[in-house]
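Take a look at the structure set out below.
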Amino acid sequence: MSSVHIRDVKKYFGALCVLDGVSINVEPSEVVAVIGRSGSGKSTMLRCINGLERIQQGRIEVAGHTITPEAGDLRSLRKEVGIVFQSYNLFPHLTVLENITLAPRVVKRIGRDEADEIGREALRRVGLEEKSGAYADELSGGQQQRVAIARSMAMKPKVMLFDEVTSALDPELTGEVLKTMEELAEAGMTMILVTHEMGFARQVANKTVFMHLGKVWEEGPSAELFGAPRTPELQNFVSSSLK
Amino acid sequence: MSSVHIRDVKKYFGALCVLDGVSINVEPSEVVAVIGRSGSGKSTMLRCINGLERIQQGRIEVAGHTITPEAGDLRSLRKEVGIVFQSYNLFPHLTVLENITLAPRVVKRIGRDEADEIGREALRRVGLEEKSGAYADELSGGQQQRVAIARSMAMKPKVMLFDEVTSALDPELTGEVLKTMEELAEAGMTMILVTHEMGFARQVANKTVFMHLGKVWEEGPSAELFGAPRTPELQNFVSSSLK
Amino acid sequence: MAYELQFGPVLKFWPDIAQGAVNTLVLSAETIALGVTIGLAAAIARTDGPRWLGALVTVYVEAFRNTPLLVQLFLVFFGLPLIGLSFSADMAALLAIALNLGAYSTEIFRAGLLAIPKTQIEAGLALGMSRLQVIRYIVVVPALRIIYPALTGQLTLTLLGTSIASAISAKELTSAASIVESFTFRSFETYLVVAVIYIGLTFTFRFLYYLVGLWLFRRRKPPKPDLLQEDLDPVGSGA
Amino acid sequence: VTIPEIMEKGTISIGVLTGLPPYDTTDSSGNTDGFLVDLAREVAKSLDVELDVVPVTNASRVAALESGRVDMLIAMTTATPQRARSLLFTNPYGSYQMTIVGPKDAEIRTLADLEGKKISVPKGSTQEATLISYNIPGLQIERFDDDALAMQALLSGQVDATAAVAVLANDLLKKRGVDDQFEVKEDLPLYTLYWSMALRADEWNLHQYLNNLIYYLEVTGVLDDLHKKWTGVPIPGGKLPTF
Amino acid sequence: MIQDFGWSSVEFLARASLWTIGLSIIAFLIGGAIGLTLALLRVLGPRPVKLAIAGYIQIVQATPLLIVVFIVFFGLSFAGLYFPPLLAAGISVSVYASAYLADIWRGCIEAVPRPQWEAADALAFSLPQQLRYVVLPQAFRIALGPTVGFMVQIVKNTSVTALIGFVELTRAGQLLNNMTFQPFIVFITVAAFYFAICYPLSYLSEKLKGKRRVQRAH
């Protein structure tokens, strides 16, 4: 149910082919890391999985929903697939707790009390219980990103997508966000994460996918992939990232 | 002539004492590095030397000009004292070459042809000859900073001040800017540079000044200062910077 | 109501209407030249000048922005003669509308001046430029670029605002219209024709602003390439 | 509309020109009253219907009529052949002598004396049309929104003379205490002009009725009485013409 | 008939200024309702609708208000629609207000960063929900200052209804001048009335604009 199957997906922006026949499989409770150079199509792929971009060919099955070029029922899909962006995109006019409870209340029509309960629980999991009344601009970047994760978790998704959630953060703030994600992974969440943190990918992800020029260039168990990159592109990428 | 003598300078912002009796001597062709924690008054001191901030007490002699709390002839001083900022502050509506030749033309009333010649020479020295027709937003950060240095050099200053010119740059871009500065130092320019690059300070500066709480806390030949810091504050600072 | 539109009688007066349009054009151009000059000077006075001058400019700006142009027009034309300042109708119209535009453009220019980062000004000063040189070479063009849509929007409102000058016998398009109307008694047709001319004039002026923008900012991308996308801040209306 | 239609409706709406004392005055609550309104009352009374007074201006009167907003106009319109192509005019219900008013020391005895002078008139008035028809060389005609502004222009020295209604001018000069500076140029009466009520081009039924009413009001002396009530003098020029 | 400028004249102007305020409120309400609809359609509608609305805005903004009001007011009558005078005058000014407000508000809606829409989209909000809970509340905060600022323009511009017989503040001033022939004192007083109505709005607008980055204040 909470698996992701991407089959031969193509995505164009105008004439530019950004995803060129991508296929990836993610089994339930699996954590897959996606790495690759800037512009290789990683973000676009995540956005396609969540229906934020349309695909032009292929098929995506995610948490029991199907996306084809003709599109599917995106709203019910999105209820079960969470996504967290690099720029946290918290709603600035709402408090932390309101940010988290808005979607459960509006989309799932959960009552205020119950939604608040869910919201507090989500905040507890990201370790920010005491910030529930604050506004986004009163939080550090790392705290904002953890709230964004909690906001996504409050919808109780079956799959979560993370797009470079730490790359706008200072090193010291990165740690707290990675910890939150690690806990999620340990709790059995199916996750796809685009990341520049090689160490983190290696340690947390069961499988790593290396994208290049809109294609899946290499994939495999993380330890293997990092330990013995086969293609020169991945070798280059790994070595330049470790510098 | 191209020496800098700062004597017992005090500078307040409102009630806040930012420079608390600072004295520094820089001899002709000497390179002095200024280090210190954020907020210790390094930028403010550079800005005072160039007359961008007024001092409330003391006296600054720079390249034959004198600044006192009553202020002096700042414009003729600034013709001979260049300053380069952390944020490059290129003029966005002018090309690279125009950025460089503007001041020679309007301040020194040099003809267009001669100014262009000077501008090209300055660009050559920073290794960006081929970018003369580009606009700032078409350049990388490192290139912009080199243009800013060339802009300052085109006024043929006797003293140059650098305020953390590399701290907004990626590591790979930092190198090219440091190289430019090193060449300047080798050519005998009198320089004061505020920097976070300890390695660079150690290697290029004849003397290093450690500022703390608006005071000169320690000063001495760079090798000595870094090798054997005397005060616990400098010890702390050096060790935390090397982390 | 079966009302038949008859444009014939109105169009017979085309020389008068054309003359009115030309007068509107001239009055607008003069007003804009004078008003923008006032606005620029007042904006610099307010940002860079002494305190008392800034206060004076504030009073001027607020007084003109919070009262209707028509009332200002009456005061200039009928009121100023009482203190010995008498102007012809065309002069009074020019003066009143220019002062009105001046007040609005003061605020626009000021916003532009304030939008230029302080670091840019410092970079200029640090190179030994005088304050005026900094404004002239470093501030003006980027500031103008920022405010260009708002400024040209205000100028459009000024063009339309000249229609009010007919109240005090200044000769322009709307006054030509009322002459035609009084001869023919075909008011609806007259105003339709005039509306079309105003729309034409407005679009012509906008196109001119666009061309001027292309030239002014020729070195970089023009501020708003799409004529239809003009993003004006309708702070003021001439009418 | 026909008479039976109006009687059935129970209301007649009449557009009345406002803002021209003494023919029309406005009380402190903005209600309009005066000679023209009294006349409108007579029309309604004679038909035994309610009266709806709609204030109009020079600029809006024709549109108000033609758009059907009012049934008829009592708005000081003078019948000219050119206008009669568009509207239907009744026999005159009143008249005024148009005179030239100027400073006492100005020599204006004949039309020729107006040569090269600036003269103010109400925009779109018959004064304007008449003066134009004289073809006086160099005469500058300045058009104002209404009669009062035209007069104002003379008093504030913006023009050399104004073409005004004699009754109005005499009254005004006295009340303002400027009869020692300005005078009605008695030597040069221009015209006696007549006001007609105006109707839409095909309203023959109402037209005939109104002609009848005007005739009746004149012979019974009501017209003169009303005129005297508001201006202090009977309708100038003796018997009203018919056409 | 011809009187002197006195206390009763001020009273007369005061009464007329109530009409000015009433008309302004009507114009703002009707114009605002139309303007909001147009702004939303301009942002979200299909392309032909967007173009039509852009055209409407451009044309209204390119015509002197006086002529807009003339054509709308009598145009309504030609179409056989007779509203009570206050409402009809209000509707005429509303056309003008709607064109500008639509433009201002479109700008404010577009000023809400795209990622905010996306974040809501990704949380499975429907389009109306995105607008209702995420975009409009933020656009509202941005719009507050400019909108209050534009109300000053509406107040001043209701004076054009004098054309269609409405005795509001400017027209009252003209009538008073016709009765007293004392233009200076009359129009200074009229100006003072306008200033008293408009300046507080301008001031408020400036304050609200300053606050617009403070994204809370419930």
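Here the chain labels run A, B, C, D and E in written order, and each chain numbers its own residues starting at 1.
Everything that follows uses one rule, which is that contacts are C-beta pairs under 8 Å (C-beta built on N, C-alpha and C of every residue); 3 or more make two chains touch, one makes a residue touch a chain.
Protein names from UniProt, one per chain: A, B = Polar amino acid transport system ATP-binding protein; C, E = Polar amino acid transport system permease protein.
None of the values given here were measured: they were computed from a predicted structure.
Graph distance from subunit C to subunit D, where chains that touch are one step apart, equals 1.
Copies subunit A and subunit B of the same sequence differ in orientation by 175 degrees, per CA superposition (steps of 5).
Averaging Cα atoms per chain gives one point for each, and the point farthest from that of subunit B is the centre of D.
Using mean Cα coordinates as chain centres, the one most removed from subunit C is A.
Note on chain placement: the centre of subunit A and the centre of subunit D lie 80 Å apart, centres being C-alpha means. Note: centroid distance subunit C to subunit E, computed from Cα atoms, is 20 Å. Put simply, the C-alpha centre of subunit B and that of subunit C have 46 angstrom between them.
Subunit A and subunit B, compared by their mean Cα positions, are separated by 44 Å. Annotation for subunit C: residues touching 2 or more other chains are 1, 3, 78, 82, 188, 191.
In subunit D, the positions touching at least two other chains are 59-60, 63, 66-68, 145, 149, 152, 156. Pairwise, the chains that make contact are A-E, B-C, C-D, C-E, D-E. Of all the residues in subunit E, the ones that touch subunit A in their complex are 115-116, 118-126, 129, 133-134, 137-138, 141, 215-216.
Within the complex formed with subunit C, the subunit D residues making contact are 58-60, 62-63, 66-68, 82-83, 85-87, 120, 123-125, 128-129, 142-145, 149, 152-153, 156-158. Interface residues of subunit C, counted against subunit B in their complex, comprise 117, 119-120, 122-130, 133, 137-138, 141-142, 145, 217, 219-220. Across the complex, subunit E meets subunit D through its residues 1-2, 8-9, 11-12, 15-16, 19, 70, 74-75, 77-78, 80, 82, 85, 162-167, 171-172, 174-175, 177-179, 181, 183. Listing the residues of subunit C that touch subunit E in their complex gives 1, 3, 62-63, 65-72, 74-75, 78-79, 82, 156, 160-161, 163-164, 174, 188, 191-192, 194-195, 198-199, 202-203, 228, 231-237, 239.
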